[in-house]
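Two complexes, one shared chain (chain A), two partners (chain B, chain C).
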Partner chain A sequence: MSKKLNKDKKWRINLDEPAPLPKEQLWNSTKTFYGKASEILEKSRKHELQQDQDRIFRQNAMCPNFTSVLRLMTIRDGITISHAPVGCAGYLNAQPQLFQGIPKELGRPELDFHWLTSNLRENDVIFGGSEKLGKTIKLADERYKPRSIFVLASCVSGIIGDDLEGLVREIQPDTKATIVPIHCEGTRSRIWQSGYDSVWHGVLKYLVREPKKTQEDLVNIPASFSLTWIDRQELTRLLAKLGLRPNFVPELATTEQLEILAEAAVTAPVCGSLGNYLGYGLEQEFDVPFFNYPPPFGLHNTESWLRKIAEFTGKENEVEKLIEEERAAIEPKLEALRKEFKGDEATVLDWGGQARGLGLPLLTHELGLDVKGIGMYEYDEVIPEAVEELIEKVGDFDVVVADMQPYELEQIFIKHKPDVYTTCPFTGGHFKRAHTAGVRHHSFRGDPTPNSPQYGYIGLITYGNFLLRAHKHHTLNKTLGTHVRQPYKEKIYRQHSPFVKKEEKGKITSLAKEEGK
Partner chain B sequence: MKKRKEIAIYGKGGIGKSTTTSNISAALSDEGYTVMQIGCDPKSDSTNTLTNGKSIPTVLETLRNGRNVGLEDMIHEGFNGILCVEAGGPEPGVGCAGRGIITAVEFLKQKFVFEEYSPDVVLYDVLGDVVCGGFAMPIREGVASQVYTVSSADFMALYAANNLFKGIKKYSNNGGALFSGIIANSINLPIQKRILEDFSLQTKSTIAEFVPRSLTVTRSELGGKTTIESDPDSEQAGVYRKLAKHIIKNDNEYVPSPLEGDELKIWAESWSDKLLEQKETEHDLECVVPGAE
Partner chain C sequence: MNNEINSTPEFESSPDTEYPPLEGPRFTCALGSAIGTVLAIDRAIPILHAGSGCGFANLFGYQYGAGIQGVGYVGGCATPSCNLSQDEVVFGGESRLKEQIENTFEIIDGDLYVVLNGCVPGLIGDDVQAVVKDVKSKFDYPLIHADTSGFKGDSYVGYEETLLAIVDQLLPEKATKKKGLVNIFGVVPFQNIFWKGDLQEIKRILTKLGLEVNIIFGDPEGLKTVERIPEAEYNLVFSPWVGRKVVEKLEEKYNTPYLTFTHLPIGGQDTTAFIESVVEKLDVSAETLDRVIQEESRDFYDDVDNASDFMIFAFPTLPFAVVGDTTYALGHTRFLANELGFIPSLVIITDNPPLEVRKTIEEKLADVDSPFKPKVVYQQDSYEIKQLVDKEQIAVLLASSKEKHYALEKGLLYLSISFPAFDRVILRKTYTGYKGGTSFIEDLCALCAGPF
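Right after this comes the complex of A and B.
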């Protein structure tokens, strides 16, 4: 299957294998970093990111299986099968609800999602789960007549070594739907975003077909979970003005949209954590051009994104005209925003995925705000150039790589005391209590409100206004700060930073102590 | 480009798999082939006689201890430049050795190990009787293409071989590896040879070679070497060379017919009767089949 294994390529994937390497091993990714942007740049260049720091303790974690579900549950003509004990399917129910808030008038497709679980039990662990899975697949095929069936591996199926590929070869001839095994075993990786790579691995290996023709106007966009419905409309609008069409995958896509990925003219990024595997895979296997940076977040990045797409689709002239028009359209609003922010020494702390993490400093810089620090959920070694460019433009800043560690956030928050804090709706709650503005910036795909977009030109203005509102109005946060207790006891706040250098792990010497705290 | 030969060698613990595999590796490297031997056993001593009796760091241990690890941390040159790899695994009594094999083999392949090192022959030395999904990993589609089993005329060894046949039969529908022959080990008596010949007849399998038990092997092993290395002119080295030559040429791949349910027991009992008869006449029989005394 792997046709082009160019030895010189830095990032190579091996589709002959059932599963991708976990992110730690493939992109040298990390979830633990605390330092300056210049340091993360230097460390990623030396491949030292994973060797330097660790945590004394870890509060939470998430599962690669879960992220795979997020990606696949909403394939409109597909069925998701959780090959696991029934509990692993617990969160499959939540998916339709996340999207049902989008009005049909905005073009939301019918949400008719179905899922099954092979319900592995003690006997299946002992005697093997393949047979039961085979029956589940057959049931799904007959009952729902889907076009694709995604089988999500789990810790249990991985440990007992169920041969999913073997099963697929055996039963595919008698199954109408295309079966796609996804190796997203929870034990595979500490970085739950590895589940994204597992999904793309399965899609590339089993679904993407040899291109019959190149659709010169088709742009693949591996859309992150947080790209809202309105963001989608904005990107669609911009591409349409260039005579191009987006192929948003995989959420709410059809199986065919996945099958034709290799026919696109280019794969454009929204978020590296999510899209790199697909981008590099399509480039390696099918010669579909790909660029991994920047996402269309902020003025400069949106325009670079459009220009790069134009480069691959022969729209160089059209894109300049588009940029001119769009700039003229937003200029008054952008100026008004800049004027509002001017003279204020507001500092922003931002926490998001790699796209927003590395996008926001530039975006706020464009609005005239100073970014004090950013947090990223995880960091891949793939994009040192992006970090370098960013430092050149906005100067050095603090970087934290962590997620699901509220205690760490609290510590960092106390250190930085930002005026505006922006983050994902599910992680930002308690910061509101600390007399500081909290802004939900990481909307979900299902958010159809006019406040929700952050990408493209419209996103820049909307999000700018969002930041402005948060910056000018602190009442809610002050009220919360006055009346709501801090989440931790006072002595906890005086404790050491949770980040330690590897070699000091035994001694529990913290970085914070080193800094004289 | 010449097609790379990927072979899995299975067999019951202690039957002489690693000894045989290492000697095949050594003999093939003498012939000028680039050989990679991958030990798939948590005991991780498959390649010891290729590295002067020393243990090499295993894949799983390296993955466990270090980050940003590469193939160079796991692949160690042994005798004659043989590329030695040990998958490794948990301590006895804990963890999951089967999952260990899956993780180790997947890692090597995802890192394009065969492209990086271009071996002509890859030998997987795999523990046991395919007791779980993990130990079946090397015979699944896309890993080894040919399987041999090392077996003595001992009933338990044949039981393990029969289990392996079941595994092969199962995975053969799904593009898994096929069988290529029994390596009959520790065969010194005619009766042992006859037992194995009958077993291969019953299971529609073939015998690659009869390897006698020999003190030369023990001596070499105690010195941390293969027979090929320490006693290249011995008769035993000749046997291993012949076996290696057979393996490199042998393209016969098939699905054997394992004995199901009671068939194996009934077959073993039939031999037990024959052995008893023979014992009365020859008096020189060692006990080769448990329960045959």
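Right after this comes the complex of A and C.
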């Protein structure tokens, strides 16, 4: 593999290492911040973002291993092997249900997913798990003759010191599939999004091949699992109008789609924290151009996304025509939505990954809704320009960066009392006590229903209507808010700032006071 | 069609000492199941001394696998967790745990706090017990600890370890017995996907007989039900082996005898047989017994009567296979074969029961009321399970959602009855007992119901 060390690149990826640096070291990522957007911008520019070592009450979140499970569970001709005790990767059992809801008429490919586990037990943690892993890989190779086998490391395999690279070197010659070790040990990083980088590291190191030719019309799209089937269709439709083709990875991709990543004309992620590592890696190693912002949410961002792609594929003229046509097509619907929202002082609190954290405020602003605050699971120093642009367009707003810590989010909630609140349902149930319009943040990969899209032009209208309905009618939230018990002690409930930190414990200004000042 | 019972276990390795690699196992680790077990006790709070993903992976893999059961009071991301990372791997996690427990007391409103450790502390050698003891000496909250390192075992181990920790660390040395009080064990929350409904139906039936039934899990009385455990006159275990250690421990500590049932009964025949065997040991008047059996049977068989127009049309003595843990595999096979006219073809038991109880399990399947006896296989590997199902000439498959799509492609009638069931939402649904029998008939008919 050619090593073109690009000196003026800030972010350096080292594929000679078995694993990437954790995000907190590589991108100075954090999941501990509470303040104004302008402050996080300033802090990230000065490299002053804090890590979360001082958080003294935590609730569980994801980990790099689980993130990798989510990313790799749907490679169509690959097998996922969890080198761990059985509990780490049980969600792989959901494989058969993930995309089966998509009608064949909507383009669902043939699906046949499988996963195995080395099933580490007490004896293995004493004597090592490599031999068992070797057997597991052999079993997968014989049973399914896959193109690729992804081996996911775990806390246990890491701590007991199993040598994955050594094993791969030993058994690869007798294995038909390409074995890809993924260093996604759960304890590798406090930031579970590091698992994304681990996945791309393995893909770049073991699968991506030296390009024989550049496919001028191919656009790599590292796609989050919140990109629904209809979103895919929308992005495919838009690119097709420019004479381009998407290469959605890794979700539902074939191994070949990963192998040819270096042949693409450009890498255009829909989520920075997911796509950065692949983008920078492909750029550094194979000169594939890359941009990491914005995601194609909302009008402005969708158009910027398309224009950036056009810039790298020589479609500058075509893209302007496309934008004009698409705008004209949705204008009446968009106007109707804006009218509905107008005069309504609805405010939005938005809680999700980095892409939506920085993407949705502008989308809702375009619809005429004020964003009071956003919550992000993680924030990194890669895209200060994005935050700056966002503040310019929508004004300053509150930002909390917390890794799904629902107790902290309750505090934000009490402070802002937003009219509309968007969330992932599994983040601890705080949406239930909201007494307000809490709606899902996004749908998921296999959702083929007309309500599922959020990206592109179709997504803007659909999601706008979705927010409108949620804002006008939220009896499920009322039901939940009235009847669901909450686990937080009332006396504590309003006392702390979102983070319970060592140095602040016990002398925190109450949020009520903060509001009054 | 196979008409003899295959009593040779095809799962060859000794279940107690050797654990082979597995494709798509249908259970979680000790920690995952322990989390579910604690969450199933009302207002009991798990405190995870584990990596940050352990709770989340088990929410997705285990609780959602049990019919998308939601986060509830303090599940999912709300569960307190030390979120151990590299720092703790290097420097140890004991101080983090102490801090986490103390702040959990301050923030989370619960009646019982249970520290559950995952793999990491087990490997780096944290003395969790010492930390718990230390915190306990300073606070007045009920706090216990179960060692549930994921590598220690499967769902069944996590359930038992949690209950053993309760018996050892929470319950008093002595207790006064209460006549007619029974505890229910062996139904593992989430691993038994219908756990809540199952337990509540058992409670409903036995309460009708005049007994006081302590189901512990899914009971709004939470800690009180836990504290009542030693007072029971009898412990009832609905598995030939899961929960056995717990009831043995209770027998040793409180002299409480136990009754073992191989499975949760489904429908009229097995449920009636079950309550008849209960009253052999417990004091219920013959009059009450007769009345309950009559009332319940009347309702149930009225339902069967009403369903029969459709069933005779839709289910012409169809051969079927069941894939699941012992309790559901036995219950469904017996109900379909003994009462609904289906032909038992294949039973795949997926919970790896110990060798010594397999004979009992096989007897329950050999005595089905049919000249056709099912083939019985113990198998945990999903690839092998598919091979077995593929070979069989069947029309109906009751299994996990892992089997759903290939079953539908083969044109089989398919229903998820065992873990994992990612294709349905389960709240209080049960196929247990008389009511469960009716409910099962409804769901089975719904697979193909339509006008004639």
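Criterion: the second predicted complex is superposed on the first by the 468 of 517 C-alpha atoms of A that agree within 3 Å, B and C clash if a C-alpha of one lies under 4 Å from a C-alpha of the other, contacts with A are read in each partner's own complex, and residues count from 1 in each chain.
The rule we apply is simple: a residue touches a chain if its C-beta (ideal position, glycine included) is under 8 Å from a C-beta of that chain, and two chains touch if they have at least 3 such contacts.
What you see is a predicted model, and the numbers here were worked out from it, not measured in a lab.
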_Superposition on chain A - do chain B and chain C clash or fit_ = fit
_Output check: A:117 vs chain B and chain C. Expected answer is one of first, second, both, neither. What do you get?_
second
*Could you say whether A:125 touches chain B, chain C, both of them, or neither, answering first, second, both or neither?*
second
*If you stack the two complexes on chain A, which partner ends up touching A:394: first (chain B), second (chain C), both, or neither?*
neither
*First, second, both or neither for A:336, with chain B first and chain C second*: neither
*When the two structures are overlaid on chain A, which partner does A:159 contact: first (chain B), second (chain C), both, or neither?*
both
*asked:* Between chain B and chain C, whom does A:19 touch in the aligned arrangement: first, second, both, or neither?
replied: first
*Which partner, chain B or chain C, touches more chain A residues*: C
*asked:* To the nearest 10 degrees, give me the chain B-chain A-chain C angle using C-alpha centres.
replied: 90
*Could you grab the smallest C-alpha gap between chain B and chain C in the overlay, to the nearest Å?*
5
_Please report the chain A residues shared by its interface with chain B and its interface with chain C._
159-160
*For the complex, which residues does chain A have touching chain B?*
5, 7, 12, 14, 16-21, 24-26, 28, 47-48, 50-51, 128, 158-163, 165-167, 169-170
_With touch defined as at the start, can you tell me which chain B residues reach chain A in the complex?_
67-68, 96, 98-99, 102, 106-107, 109-112, 115, 132-134, 136-137, 140-142, 171, 173-176
_chain A-touching residues of chain C, taken from the complex the two chains share_ = 17, 19-32, 45, 48, 50-62, 64-65, 70-89, 99-100, 103-104, 106-110, 118-120, 122-124, 150-154, 382-383, 400-402, 404-405, 420, 422-423
*Touching residues (chain side chain A, partner chain C) in the complex*: 22, 53, 56-67, 69, 84-94, 96-97, 100, 111, 114-125, 132-133, 135-136, 139-140, 143, 154-156, 159-160, 186-190, 192, 403-407, 425-430, 485, 487-489, 492, 500
